[in-house]
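The structure appears right after this line, and notes come after that.
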Amino acid sequence: MKAYLSRRYHFSASHRLNSPAYAEERNREVYGKCNNPHGHGHNYTVEVTVSGRVDPVTGMVCNLADLDAFAQKNLLERFDHTNLNELECFAYRVSTTENLSIEVYRIFAGFPGAHLERIHIEETGNNSFDYAGDG
Amino acid sequence: MKAYLSRRYHFSASHRLNSPAYAEERNREVYGKCNNPHGHGHNYTVEVTVSGRVDPVTGMVCNLADLDAFAQKNLLERFDHTNLNELECFAYRVSTTENLSIEVYRIFAGFPGAHLERIHIEETGNNSFDYAGDG
Amino acid sequence: MKAYLSRRYHFSASHRLNSPAYAEERNREVYGKCNNPHGHGHNYTVEVTVSGRVDPVTGMVCNLADLDAFAQKNLLERFDHTNLNELECFAYRVSTTENLSIEVYRIFAGFPGAHLERIHIEETGNNSFDYAGDG
Amino acid sequence: MKAYLSRRYHFSASHRLNSPAYAEERNREVYGKCNNPHGHGHNYTVEVTVSGRVDPVTGMVCNLADLDAFAQKNLLERFDHTNLNELECFAYRVSTTENLSIEVYRIFAGFPGAHLERIHIEETGNNSFDYAGDG
Amino acid sequence: MKAYLSRRYHFSASHRLNSPAYAEERNREVYGKCNNPHGHGHNYTVEVTVSGRVDPVTGMVCNLADLDAFAQKNLLERFDHTNLNELECFAYRVSTTENLSIEVYRIFAGFPGAHLERIHIEETGNNSFDYAGDG
Amino acid sequence: MKAYLSRRYHFSASHRLNSPAYAEERNREVYGKCNNPHGHGHNYTVEVTVSGRVDPVTGMVCNLADLDAFAQKNLLERFDHTNLNELECFAYRVSTTENLSIEVYRIFAGFPGAHLERIHIEETGNNSFDYAGDG
């Protein structure tokens, strides 16, 4: 009786795409307007999918209140209303949503209440990214 | 030429989360405001995914009219505008969306027109649940 | 420089449509499946629209933090995860979304930070209701 | 570090479901109002999912600008504002969304920038179709 | 106690924008790809807004079941799964969504259960049109 | 035969709310996390509503291609993928969405093809702002 639970969290952040390995001109070619020096921003939606056996007593995979408390402390307080490029996790990596997905996966892999299946991040209504670990 | 077809159905129902195995106080701790004695409600969206070979004559996995008729009779007439806790299938199980997903999967497993892949239920815009059988 | 600010709040509740002025059979005719004795439920979205002059110092019509605190205390704590029919305001009125809109308007008319323009309530993705006062 | 990138494209087209292998009456039985002789239309949303290793220098699975240019030329210029039944690829196949998914998969399988995982097409808000190849 | 009720209906249709008053080349200039000879299509969403006093006995502006029956007969049966250009109402008018809004307004102006306020039609997620009569 | 046409445009930008008239501490009190020194971002949706008589020859209020070209040049090229605080129009005004609405209204008031009715900006799925001029 393995079921999947998905929960969405929302935050707003700015970023600028710029690779330290590239010269200025090459950065502009690769990232286009996402390389604008003053940055730009997004309303990000993170969907966390966890799985587990449905507990016969509670009828739940895990308690959403626990997942929400974990997300509040480890996701929203760290990322909401920030400039991603200023965060330690993007000090040496470009703040693409691919890299953001990997970082958010790393965070929720530490959630003790259920098995993490996948992170899905919507950057805009038309762009989304998934990361499901290295397995 | 195996393809997947997903179809969404909508119904409104009320429920109350309360486990018969727990004392009143423990129920309030586990389910929080979802344990409110008078219940509360949701607009549920059920997405049914079936799969099959695309028929070279009709160009279809299965006829949507057949799936709709099956859903009307077996899903919507049983669940729409009800209190889930009053239904026979929740007499001994908590009416969580995890358990609802398993019950809806059991229902569509009986659809003769295509292979059932997965049930996805959205409880709110931010919470969703998937069940894909025991395999 | 009068601008309008709209903010959405979400809550889940159950209700049953049944008029004390009608006999059982007439209630069933008028309300159909919404008269189901065990009730059913919805994810309600309330959109509150307020207006005012844009303050030249803050650039705001009113502080969203104030509107949110007001909504938390006066709307969400009273309505979320309840059975509307059990609330005092529906003791003598049918819990239709029309009447809910009027009640929610009455609540936000007491918000001190800006002029209330209109309450818009979405009951499902296809049904919505507006109330803008008696004027 | 394999990640998935999904991108949505939108186009409007008309079609009529009618199988050359069936007599007129049988076509009407199978396709119902979708067999209406003058056709009808949809706003189609195509979601393309590609995967690949996240490049450590760029932080990207592939450059979205390349995927967009490919989609503009090979998907949107061919399908947007057309009658699907008039297109060569539907000369001998019924223009169902199942067959459209297979055709769109065939198109993006030729995208050189990343591995194609899946095509997802939404025909309406309630109907969607997936094709992930023959593997 | 005047309230507003809005209800959404959905249909799929094809059309081609072409003015009989223009030569072929001018039509192509004015309508661009919407002038494609084989037509194209849309999933149209019609939102009908009616208003009235909230009946103190029923708590309703009007009975949604009546509005739905009226819409089924007068809107959906006439427009769903059709080619708009083949309908009598577009015999001498271009099938733009502006003209469609005026025609749909004319239809719902005949609904006996409440006062028609406005017709809102969404042609795509980014385009919409409103008509509120000549007053 | 006056009708209304609404068109949505999307852009991503970052900003920081900070009033030059306030001391640092007061700014933090008024704007909360929106005052974060490194800024944050949004996917903004601008909906422009224009009105006019439906031209009996074209069936249109105005040509969407003209509105799109105007928006591309005057809205998207100026605002997309920028930091709003760096723009000239926010040199002396706080970059709230109220002030952004007024600025976008000023821009589209210059559109020659139809009468501007209103600017509606969605900052997130739950916050929106309208400006309809000083009249």
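Per-chain residue numbering starts at 1, and chain names A, B, C, D, E and F are given in the order in which the chains are listed.
Note that in this section a residue touches a chain if its C-beta (ideal position, glycine included) is under 8 Å from a C-beta of that chain, and two chains touch if they have at least 3 such contacts.
Treat the numbers as computed from the prediction; the structure is a model and nothing was measured.
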Chain at maximum distance from chain C, centres defined as averaged CA atoms: D
Greatest separation from chain E - chain, by CA centre: A
Repeated interface matching C-E, over half of the contact pairs identical, chosen among A-F, B-C or A-B: A-B
Pair joined by more contacting C-beta pairs (A-D or A-F): A-F
Approximate Å spacing (C-alpha centroids) for the pair chain D, chain E: 28
Euclidean distance of C-alpha centroids - chain B vs chain E, Å: 34
Contacts with two or more other chains, residues of chain F listed in rising order: 125
Every chain pair meeting the contact rule: A-B, A-D, A-F, B-C, B-D, C-E, C-F, D-E, E-F
Partner chain C, residues of chain B touching it in the complex: 10, 12-15, 33-34, 36, 38-43, 80-83, 86, 124-125
Of all residues in chain D, those that touch chain A in their complex: 1-9, 49, 54, 57-61, 63-65
Chain B - residues contacting chain A, complex: 17, 19, 21-22, 30, 32, 93-96, 98-99, 101-102, 125-132, 134
